[in-house]
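What follows is a set of structures to go through.
Look at the two complexes coming up: chain A is in both, with chain B in one and chain C in the other.
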Partner chain A sequence: MTDLLTYVIKGVPLGCVFALLAIGLVLTYKTSGVFNLAFGAQAFLAAAVYYDVRVRHGWPTLPAFSFAVLVVSPLVGLLLERLIFRYLRTASPLAKLVSALGLLVALPSIVQLWLGKGQTFGVVGIWWDDNALYRFGDFVLDGKQMAILVCTGAAVVALGLLFRYAPIGLRMRAVVESPRMTELAGVNADRVGGFSWMLSSLFAGLAGVLLAPSFAQLGANDFTTLLVAAIAAAAFARLTSIPLALLGGILLGVGQALLAGYLPPASLLARNLRPSLPFIALFLLLLFWPGLRTATQSKDPMAGVDPPPLPPAAEERSHLLTVGTRVFGVVVFGVLVLLSLTTFSSYWLLIFTQAAVYSTIFLSITVITGMGGQVSLAQATFAGIGAFATAQIVDTWGFAVLPTMLVGALVAAVIGALLAVPALRLGGLFLSLGTLAFALMFQYVLVPMEWVGGGLTPLEMPRPAGLDDDKAFFLFCIAVLAVVSVIVILIRKGTTGQFLDALRGSEVAAQSIGINPVRSKILVFAVSAGIAGLGGALLSMQEGEANPVRFEYTWGLFFVVIVVTLGARTVEGAINAGLGFMLMPEVLKWVGLPASWQFVVFGLGAITYAKYPDGVLEANKRKSLAFIDRHLPKRFRTGPDRGGPGAAAPVAPADVAVPTGGAS
Partner chain B sequence: MALLDAQRITKHFAGITALDGVSLSVDAGEAVGLIGPNGAGKTTFFNCLLGILRPDTGTVTFDDCDITTLPTYRRARLGFGRTFQRMELFAGMSVRDHLLVAERSRLGTGRLWKDLLNLSGPGADERERAEHTLALLGLTDVADRPVEALSLGRGRLVEVGRALMTEPKLLLLDEPSSGLDAQETEALAATLRDVQAARGTAVLLVEHDVEFVRTFASRLYVLDFGTLIAQGPTAEVLADGTVRRAYLGETV
Partner chain C sequence: MELVGMRTRRFARVLALLGALAMVGAACSNAESDGASKDSNADSEATKTVDQPGVTDDTIRVGGVASISNPLNAPYGDIFTGVKAYFDMVNSEGGIYGRKLEVVSERDDQIANNLREVQGLLSQDDVFAAVGMATIFDFSGAEELEKAGIPTFGWNINEDWTGKANLFGNAGALCIGCPTVDLPWIAQELGKKKVGILAYGVSNSQKCAEGMRDSFEKFPSAEVGFYSDSLSFGTTDFSVEVGKMKDAGVDFVTTCMDTNAVLALGKELRKQDVDAIQYLPNGYDQEFMEANGEFFEDSIVRVPFRPYESQTKTKGLRDYLKWMKKAGKTPNESTTYGWINASMLLEGLKAAGPDFTQQKVVDALNQKTDVDADGLLSGIDWTTQHDDATPPLACAAYVKVTDGKFVSAFVPKGKAYVCMKEKATLDDEPTYE
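And then the complex of A and B:
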């Protein structure tokens, strides 16, 4: 009995940290509709700032704490709101999610770059003495835990008072209902939004600083997994209730302590299960917590008065230019292939081989995000499933690797479909969070098992017979990429693609003409997971082993970010992303910057998604094509001065986005 | 036997009785109106018919099949077509694509292997059917425009056209005149009458605009506070004192 209570008490402080983050998540989600995935990174930033001034610069505790939590953190929140999220208020949930995802990728790298590679040991807590022990009857708490309990209590009480008595609290509650309605009543919604971002960021900072002394060394990954726990607590609160978020966080902390206490410490289950409890909790909550299904995503009641969005087919180009750019794309592609085979060194051949492989994986994102309109954060995981399945089958039964690769893709497709069945009931944001939880679970619980990831040493993966030569293998990768590209194009042009377009446009209307939304979405999930699995198997063949490091969940996040930045709607975009993924580190090396700058570049790039949903490159290409079009001789032109405004040439919108290259 | 037969539909929301034993039927080829003041339960009833809401009690039969528990898309395949009060078009698609995707859905060509063999593209006869519907609705001149560029009135016609491409036996129109001015409403009513004459589709019209209903529907149901207060031939119902009090707010 006392054992139980001891474990419970032990779990409460950690639970409080989860709760602080969860409260912040709920706050921003309610006031801006943004599910701030960068929240863990903001906690990490505050911890890093605190560490820097407290330890490196030797400030006393109170100024260091105040600077990190009360000055820097709110400032970061304000900046994010001012520079990014203010402009996304009426953007689609997808655009909000992608922007937050970009920050999740970029921010930790920025902080890590600022902290430097040096040692970050020995964060000192904010209590007088971290290791002082305080006895309350039978229970003992140390200084770090006391600090967490006291600060959480104070923060929660202050927040409650703010909502109850301060005018700004009332305004925040009004803004939650509708920013623009509130503005009509004479309240500056922007200011209220900024305030709530500052407030929630302060909570993130507080959580980060309080938790920092518990880690041996400051690292971004600890804070990302911390975020998952906070997401689980926020999901428990259905993203709306702050008291429930508090309770959820504490319950999760206690649960983790109980598992630690009761599971035999040496067992595999304890090793894998305890640290991954938050992922499992999140996954189960998303699937079974009844309130989530009905939790409506924040909507603006005045959205109906918005002017309609610009027609996407507004820019039409002359046939000549369309053909011209396609020929150009194919020629560039062909020249690259030829150079790789003839003049390039083996290093560059390797780079372009991997670019082709990653392009194949990225085509899975073209399918699920570009066509299906869903954000899956588990594409690296599906690639891993394809690779591990192929390697295991080859290893166990000695099948030829080439046909087995297709089996591996099939396994990934089936798992993708199985995951989609329950997750699709949730849709949108929760679907993405579900895939994130799945990716984390796979990485921490399943991959360490021998029958999945092969245990301690990565599984061997042979190349198909006759493809041992790097040049031959390169051509094989190009062939696979071409086949997958054609498949993607056929699906998009075909009925499946049309149905998906319709579902993206309006789900109720699509149902009203007899389209089964569940079937279409499961199909797109399965196809996408299958393509990722195929690409994953290819990647492992190239490397000679199925290395789990290649399929970690962080890659899954980065894949989405890079593809969305460079163009998620076209095959061309996926190929550009594959090239960018391999070439950006080379460019950075050449400029003399650390490779982690690529996360910053593409992470911040993803924020442009709201403005250029077709990708930055596609948007700029259209701009320059429009420019060329204006300066062409009149007979080649398609602009307004040929047939007068509105008399548009019959170009279906799908044609604008038809990819070049790749398919040849 | 009626084409659509809804029997004693009841629906409660958290203690409020939105619908209380409402029965309604539509015969093949008939145009029926459902009217009632705001909050009478028209939309709830509509959603029960379409499978968006499930009635607490009562049954819906269509073409002699019990469809009370079928999901929306299955009802669409059985022969329900509908339009929306707040326009629901497929953003980014042209007018013609709206019709073609509905045609493909009717033909059930949504098979992945057909896509992969490039077999599912719209054939000549499908395109011709789309052209025919475009002409019927007077949309030929905007066929290749993205729907975002259309006025509300023509947007609604696109919805009608999309529904017609599925060859519905019954067309459910949810307040088609909302947001349109008097002239547009008249034009829409005229077009709908043409469509009904040409295709012989049964129509259930939920509508605010009494003029629209008067010229379009041959039979009327009047809903107030979740119960039917009148039903019968249009002219009789509109002359009825109870209806005038409830719906038109007149003191007789």
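And then the complex of A and C:
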């Protein structure tokens, strides 16, 4: 009993940090409908600002704390709301999620670039003396923990009072219930929304500054990993209840302490269960927490009814332009292949080979996001599953690598389908979070195992017979990309694609005409995972080893960001993303910028998703085609009954009242 | 008029596009361009025409790949600072064979792009040697470097360095997880009786912890009282673990974790009033210890080279400190490895002679039995240590943390290294160098 109490008390301070982050997440979600995945990044930003003024510039603690938490953090929240999320109030959940994802990718890199490359040791806490010890009977707390407990308590009480007694609190609650009704009552919903963002950002900043002294130095990863625990606590709170978010965070902290206390420290169970507790908790909550689905069902009668997306610009242009564009595309592609085989150095050959491989992986996002309308944050993980499965089978049974690659893809597809069965119960945001939990669990729990990731050294991966030469392998990758592209196009144009379009529009309506949503979605999940697995196996062949570094969950986030920025609905978009992924670092080198700028560029690019759901390039293509169309002789122009490319400016699906245009 | 303007603009765009394509072609193909003019007009007796990549009449070009951007904020990129400081010293004395040594490329693999950057180094940068390879997490380019046969020098911290004849690290082959006598010997010297071992639940860390545990089983100077290899990466809460160690009477804690974790552990040990010190295999960082020394008082840090605090400073250490000061840089582990790497290259060049080639440098170094960077290392026998992780005599330096500073430990005055024979036991007295 004494042990139990000891472990419970030891888990509370860490649980309070989870709780602070969870409360901020819930607060944002409640008042704006945005599940702010960038919350950990905001915490990191506040911690970095605090470190800079407190340690580098020698400010006293109170002004430094006030500046980072009470000034910068709310300001960042306000900026995010004014510049980005204000315009997403009526956007689809997908657009909101992708925008937050873009920030999650961009913000830590921006902060890191600002902090510079030097080490950031010596973060000082906000308590009078971080290392002072306070004894309460048998229990000892240090200054850092006292600060966490006191600040969490004060913040929660203040928040409760705000909601209960302050007019702004009442307005915030009203905006959550019904923004339109609130505005009719003369309340400026925009202003209230801005205040909510400031408040939630303040919570992120507070958590960041309280947490910073726990680390030897500041690192973005420490903050983003903690976010998973906070997401689990927020899920426990059904994304609506602040007291439950507090309780969920504390329970998770206590749970970790109990596992540490009661599991034999070197046991297999401890090895696997302890590190994965937050991910498992999140996954189980998403699947089985009863209130989660009902609590998040929108009251908006138009919710879940997306009009069919505009057809790709390529399908709307005139025949002449189509022929001309295709000829141009084939010529450029042919020239690039020819140059790769004859002129380019081995370095550039590697770049274009990997561009082809990544394009193949990115086609999996074309399928799941572009066609299925779902965001999977585990595509890098599925690529890893394909790679590890292939490498393990080749290594264990000595099978030929070429057919085994297909087996690896199949393994990824089966796991994708198995994951889809429970995950599809969730849908939308929760499906994305479920895939994130799966990706984290795979990375931290399964990959370190010998029978999965190979243990200490990466698994070797041979190339298929006859493809040892880099040029031959390049052609092989191009061939695989071509085959997968054709498959994706066939799926999009076939029955499955039509079903998925219908399901995106209205699941109920689709069901009423006999479409089985579960079967279609499982199929698309499996196909997507299989394509990613195939690409992962290719990547490992190219590198000669199945290296876990390539398949970390953070790549999964970045893959989504880069593909939706450049175009998630078309094969061309995936190929552009593959080329962009490989060539952007070269461009940055050329202009003298660090390679990490690519995360800033594409992360911020993803924010444009709400405005350009087909991707920036597709939007520009529409504009270009419209321009060209205007200058073509009349007989070559696009038919007036089809509206013409760019006739309707690309808009977020939720903003479209009446579908315009259709596929020819 | 407008039509003409438009046509002109279109024409200009077509020209720009063609120009861009031509530039891409040119940029992409520049790699195979020759390694500069090699029709040397030797201006000194020592300068001979050398037809090798990266070698001109007056320069020997080198480059490297390091994880400059990394999530630990570790200064791996500083390895180039050490290389350049050494080259400054050599160049100030006229260089070698009438040529200056120059670092022409410092590639950042951002951890995940090692193979790509190594390919770039080999095919784009026109270098004679790869110097300053600090790729801590992923060295997937090792095979390419081996295939290319290019003399390669870097920070050996993973097993990719093992068994490759042209790869020269700051140490010979590593065996992570092999039991050794040195850690039990330290516990014995300090009179410690109960050991706590902590590691992350990831394979490298677990393997390292297993090696420590096996060491104490094989050389039982102390009992392992607490063992955990299931910690989450990034954890900062060790309250439960420390509580258990306290109950078990642990007085000597050793870990296979990063600085975040050992700091949190140090704080928790102090908070729970545990009378134990830490052994830090990777803690030789003056900046870190200056900021956090109070939590590591009396802890022991292993140093793979002659510590800066050594009472007897060899020529290598004196030169290193002097030229780092000249460069205005603070010495750290990375800069030291850079210096050692550059020193090995020079030793290889000298041994290869004025008509040196990449192969000759590799061959010459592989005949050397005591490569020590003028006393900065205890000496590597490259005739065996590419493969053999258990050399006849294994030496390491140790420092103790006192008031946030490092002080040499376990060695008599004037010595820096504690050396153990290959099959030494706890009863064998080590030698000191």
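One rule holds for everything that comes next: the second predicted complex is superposed on the first by the 609 of 664 C-alpha atoms of A that agree within 3 Å, B and C clash if a C-alpha of one lies under 4 Å from a C-alpha of the other, contacts with A are read in each partner's own complex, and residues count from 1 in each chain.
Quick note on the criterion: a contact is a pair of C-beta atoms (placed from the backbone, for glycine too) under 8 Å apart; a residue touches a chain by one contact, two chains touch by 3 or more.
Quick caveat: nothing in here was measured; it's all calculated off a predicted structure.
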item: Partner chain(s) touched by A:Thr396 [first = chain B, second = chain C, both, neither]; value: neither
item: Partner chain in contact with A:Leu218 - chain B first, chain C second, else both or neither; value: second
item: Partner chain(s) touched by A:Val527 [first = chain B, second = chain C, both, neither]; value: first
item: Winner by number of chain A residues touched, once chain B and chain C are compared; value: C
item: Common interface residues of chain A - those touching chain B in one complex and chain C in the other; value: none
item: Touching residues (chain side chain A, partner chain B) in the complex; value: 304, 308-314, 487, 490-491, 493-499, 501-502, 504-506, 508-517, 519-520, 523, 527, 646, 648, 650-654
item: Chain A contact footprint on chain B (complex, rising order); value: 50, 52, 71-74, 76-77, 80-82, 84, 86, 88-94, 96-97, 100-102, 104-106, 109-112, 114-116, 118, 120-121, 144-146, 148-149, 159, 162-163, 165-166
item: In the complex, chain C residues that touch chain A; value: 6, 21, 25, 28-32, 68-69, 71-75, 77, 108, 110-113, 115-116, 119-120, 122-124, 137-138, 140, 143, 159-160, 176-177, 200-204, 206-207, 226-234, 236-237, 239-241, 243-244, 258-260, 262-264, 267, 270-273, 287-288, 291-292, 294
item: Touching residues on chain A, where the partner in the complex is chain C; value: 6-7, 10-11, 13-14, 117-122, 131, 133, 140, 142, 214-222, 225-226, 256-257, 260-261, 263, 265-267, 270-272, 274-275, 335, 339, 343-348, 350-351, 354, 444-445, 448, 450, 453, 455-458, 543-545, 547, 549-550, 552, 555, 585, 594-596, 631
